[in-house]
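You will see chain A twice below: alongside chain B first, and alongside chain C after that.
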Partner chain A sequence: MRLITHNMLSSNIKGVTNGFPLRIEAEKVVEKPVEIDPKFLKNMFVKIDWKALVDASRIMGYADLPDEANPSMLELDEFLQKFHHALLELHLEEGALVCPQTDRRFPVIKGIPNMLLHEDELFLQRGVSHGGGGTPKTQSRTFKYLDLNTSLSCA
Partner chain B sequence: MSSTTAQIRLVSSHPEVYEPCDDSFALVDALLADRAHLLEQHPTLCMEVGCGSGYVITSLALILGKEAPGVHYIATDINPHAIRVTRETLEAHGVHAELINTNIASGLDSRLKGLIDVMVVNPPYVPTREDEVGAEGIASSWAGGENGRSVIDRILPIADNLLSEKGWLYLVTLTANNPSEICLEMRKKGYGARIVVQRSTEEESLHIIKFWRDFDSVDAKEMLTASKSASWSL
Partner chain C sequence: MWFLCVFYHRLLDYRKPEVESLAELFGAFGDVQNGEFCSREKSLEWRIPLYHHTDSPFHLVNIPSEHVARKIANRSILVKGMYELWGEGSSYEELKESILSYPDERKLPYLESNSTFKITVDTFGKAIGQQKQKELIQGLSYIPFKGRVNLKNPEHNFWLMDTDDYGANNGLPPIAKKRIFFGREVGGADRKLLPTYQLKSRTYLGPTAMDAEMAFLMANQALAAPGKLVYDPFVGTGSVLVAAAHFGAMTMGADIDIRVVRDGRGPDCNVWSNFKQYGLPMPIGLLRADNNLPPWRSGLKEVFDAIICDPPYGVRAGGRKSGGRKLLKGAVEPYIVPDDKRTDHIPSTAPYSLVECVHDLLDLAAKMLVMGGRLVFFYPVLREVDCIENHFPDHPCFKLIAVSEQILSYRYSRVLLTMEKTCPYTEEVAEAARIKHIEFRENHVKWLEEGNLHSAVFSHVDPQLTVAVDSKFSKDPKPKYRGKYV
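After this line comes the complex of A and B, so read on.
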C-alpha cells in the first residue's frame, strides 16, 4: 500500500465523524522505485492532505518532507523527488491502519488494507465482488459447473 | 509486455474468484473501442469496483499504457481472494494498481469524492433471491438480488459521488437489469449514457453502458445563459 492510498482512506465505521487520517502502525515498510512523473505529482498535489502525508512518511521512516508545502514548490526538482518518494515509493507491507476516533485496527497484510467491517460496525454493507469460476455469471447461477473450455475459447 | 489487453494465460486464478468471461471481455472491448476518447480525457485516477481476477483493471492499465502517463489505478473487491489474484495478474503484466479489500468504495468515499476520472464496474448482476446478495467468496461476484439490481443500485450513487466533473463510468449490465431504467435513473442525476458494446451469448444479453456528466442537459437554461459568456468548459 502506497501512501497515496493512505491519504485517500478514512475510517468507514458507522458513526465515526473524524475518520481521517488513519494512524499507521508500521511493521514492515518496503521501498519500490518507480519512474517519477511530474505531471501526475502536480495534478495530485492539490488533492493530497499534506500534513497526513508528512506524518505518515515519518512513521514509515522517511523524514525529508517539509512540514509545509505550496504549489510553487512543484517547480523544484528536489521537492518533486521527495514528494514522489513519499507518495508512491514507500509501501506499507505489513501493519495496520487505526481509526483515530475508535482505535479500531484495519490490518494491512501483504500490502493490502482490509477495510471490511464486522456486522455491528456497519450501517448497510453487503457484497460486490467477483467470485465464480470460468463460467458466465448467469451460468454459475443456473448450473454451477465449471467449463474451462468455454472460458478459454472466449479468449 | 506489448499486449493491448491482459493475456488470459497470465491471469491468475482461485476457486473463489470469478474468471474472465464474456462479460469481462465485453467490458474490455468497450474500453478498447473507447481508447482514443480515454486518452483525450487525460485521466489522473482510474478505479475498478469489484476487480475479481484483475483482468479488467490490468487491461485498462495496458490499454492506456505509456501513451497516458501520470495515471494512477485503484481497485477494490470485497473478496480477499480476488484482491490477491488481482495483484498476481497485475504483477504478471508489469503494471500497478493500488488494491483495497473493501465493499464497493467504503473508506474511500470521503477523500476520493469527485476525483475519479474513469470508473469501471462489472457488478454482480444476476437476478437472485435477495438473501443471496453479499454472500462470501464466489457468490458475491454474481448474486445481484431482485432483477440483479441490488448491488448496481448501491453502486450508482457511490459512482456519482466519486466521479470527477469529467468522469466516466463504464458499467456492465444484463437485459434483466433493465438498462434503460438504469439510464433513466442516471439521467435524473445529470448523466448522459451510451451503449458502447452490446453482446448476446447463449446465456445472457450484455450491455456495456458508458455514463458521463451531461452538463448541457442538467440545467439547459442555465447553461444556455452561461454559454453566451463562453464558460462551457466545466
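After this line comes the complex of A and C, so read on.
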C-alpha cells in the first residue's frame, strides 16, 4: 500500500465520525521505485491531505517532507521528488491501518489493505435493522437496500 | 476538414463513440487542459457516403485538423484508417473524374519526386485477385506520381477501396450501388496491441476477465491518458485497468474478494503480475473494499479522472456486499465478533443486486469523479424485454454520452454506457438521485430481484411456448441482420 492510498482511506465503521487519518502500524516497509509523473503529482497535490501524508511518511521512516507545502513548491524539482517518493514509492507491505476512534485494526497483508467491515460494524447500534418492517417470506421481494436507508440518515 | 473514416467491420455500436471520445481527448472541441470544465455540446459532424448506410464501415467525419485526425486514428482500436479523400465514384471512370477534379495544391505535395509511396487495394464484401489489383493500380496512372515506390516503409500511403455491388454476403442491408474510394492515409489503429494483450497469453485470469479489445475500448471511452487517475471498484484480475495503464493512466482498484485481489494464484500469478507481464506501471493502489460501503475519507472529493468497470450483474458472476442475508433483512442481530477472533474473522457477505450495485456506483462516481470525468461501465439488457433506448440508470450529475450494445446471446446483450460528470455533487443532488433511483427501481422490479437476470438468460425454454415465440419474432418489425453481431 502506497501512501496515496492511505491518504484516501478512512475507517467507515458505522458511527465513526473521525475515521481519518488511519494510524499506520508498520511491520514491513519497502521502497518500490516508480517513474515520476509531474503532471499526475500536480493533479494530486490539491487533493492530498498534506499533514496526513507528512505524518504517515515519518512513521514509514521518511522524514524529508516539509511540514507545510503550497502549490508554488511544485515548480521545484527537489520538492517534486520528495513528494513523489513519499506518495508513490513508500510501500506498507505488512502491517495495519488503525481506526483513530475505535482502534479497530484493518490489516495490510502483501501490500493490500483489507477494509471490509465485520458484521457488527455495519450498523449504528446493536440490533438496529435498517430493513425495518415485517419479514415477508420470499427472500427476493424483501431484499433491502442498505444504501438507501443509510444515505438518508447520513445526508 | 472532412476525412474518410473506414472502420473495422465489428462492434458497430462502439465505432463512432470511440472516435468522438478520442476527439475530445485530443482537443478537437477546444483545449480543456486548464481544468476548466464546460458543458457545451461536443460532437463531431458525420456523413454517410452516397449509397451507404449507418452500419457500413465507410463514414465521413469532420475533424478540425489532420494532426488531430491522425492522433485519433492511431490511438483507436476500431478505425482501420482515416483518409484524406481524393476521389470517389460508382465506377472507375467516375473515380478518375473525381480525383482529377480534386485540387492540385492538395495532391501535389504528396506526389513529389523525393518522396516514397505505396498504393494498397482494399475491398469490402468481395475479394480481388493479385492480377486485377495490379491492373487497378496501373489504372491510376492519370495521377502524376513522381516519387519512388516503397512497399515496406513509405512516406505516403494511398488506398484504393472498392465495395461490393450488392451487400448480400457481408451481413449488411444491400447498397443500391457500389462506391469506390481513393484516399491518402492519415492514420490507423494499431491492432498489434490486441495479440500482445490477448487473454489467452495472460498469466492471471478470472472467469469474467475483460477481453483485451473491449478493455481498450473502455479505456478510450474513459479518456485514459498520462497524468490521470483511473479507478475500478470491481477490479478482479485487473483486466480493465491493464488497458488504462497501457494508455499511461495511473490506476487504482478495489474488490470485495480478498483471494482475487491479494493472493491470486501465487507469487507470480496475481493482479500485479498482469501488469508486470506487459511492462506496465503497477496500480498505485489495490485494496479490498465493498462498493456498497466505500472506505474513502469524507473530505476526499473529485479525485478520480475516470471510473471504469464491469460490475457483477449476476449472469456469469454475482456481486457480494457486506452483511449476511438474514442480518440485512433484520431477521437476526449482527453477530458480535469475539475479540480473540477479530484478526482472522471472515465477515459474511450477502448477494448484491444489480440495481443496488449500479446505484452505489453512480453515487460513488458522482462524488469522486472530477468535473468532466467519465464513468464507463457495462449494463446488461434482456433483448426480448427491453427496447434499449430509455432504460438506463441515470443520475443528475451525469450526462449519458454513448450507449454501445454488444449482443452476447439470443437473449441478452451488454451495453457499454459512457457518462460524463457535468454537475458537482451536493446534498440536493444526492437527494434527487435517490428519488430517481427509486423510480428506476420501481420500473425494474423484475430486474432488481436477485437471480432473475440469470434465469432470464439461462432458463430452459418451454417447448410448447417456443412456437408462439417464434411466430412473435418473425413478425418483429425490426430488421434482423448481422450488423451488431459482428
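In the analysis below, the second predicted complex is superposed on the first by the 122 of 155 C-alpha atoms of A that agree within 3 Å, B and C clash if a C-alpha of one lies under 4 Å from a C-alpha of the other, contacts with A are read in each partner's own complex, and residues count from 1 in each chain.
Everything that follows uses one rule, which is that a residue touches a chain if its C-beta (ideal position, glycine included) is under 8 Å from a C-beta of that chain, and two chains touch if they have at least 3 such contacts.
A quick note: this is a predicted structure, and the numbers were derived from the prediction, not measured.
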### Message
Output check: A:Val30 vs chain B and chain C. Expected answer is one of first, second, both, neither. What do you get?
### Response
neither
### Message
For A:Leu76 in the superposed arrangement: first (chain B), second (chain C), both or neither?
### Response
neither
### Task
Could you tell me if A:His118 is touching chain B, chain C, both of them or neither one (first, second, both, neither)?
second
### Task
Based on the superposed arrangement, let me know which partner A:Ile4 touches: chain B (first), chain C (second), both, or neither?
both
### Task
Report for A:Ala63: first if it touches chain B alone, second if chain C alone, otherwise both or neither.
neither
### Query
Does chain B (first) or chain C (second) touch A:Arg105, or do both, or does neither?
second
#### Entry: chain B and chain C footprints on chain A, overlapping residues
1-2, 4-5, 8-12, 19-20, 34, 37, 39-40, 43-44, 47, 49, 110-117, 126-127, 129-133, 135, 139-142, 151-152, 155
## Note on the structure
The residues of chain A that touch chain B in their complex are 1-2, 4-5, 7-12, 19-20, 34, 37, 39-40, 43-44, 47, 49, 106, 110-117, 124-142, 150-152, 154-155
### Message
Taking the touch rule as given, give the residues of chain A at its contact with chain C in the complex, in rising order.
### Response
1-2, 4-5, 8-12, 19-21, 32, 34-35, 37, 39-40, 42-44, 47, 49, 88, 105, 107, 109-120, 122-123, 126-127, 129-133, 135, 139-148, 151-152, 155
### Task
Would you tell me which residues of chain C are touching chain A in their complex?
226-229, 250, 252, 256, 258, 261-263, 281-282, 284-290, 292-303, 305, 321-325, 327-331, 333-337, 342-343, 345, 347-348, 353, 356, 359-360, 363, 427, 430-431, 434, 437-438, 441, 448-452
### Message
Show me the residue ranges of chain B that touch chain A in the complex, using the header's touch definition.
### Response
8, 15-23, 25, 44, 49-53, 69-72, 74, 77-84, 87, 96, 98-104, 106-112, 115, 122-126, 128, 133-143, 150-151, 154-155, 174, 201, 203-204
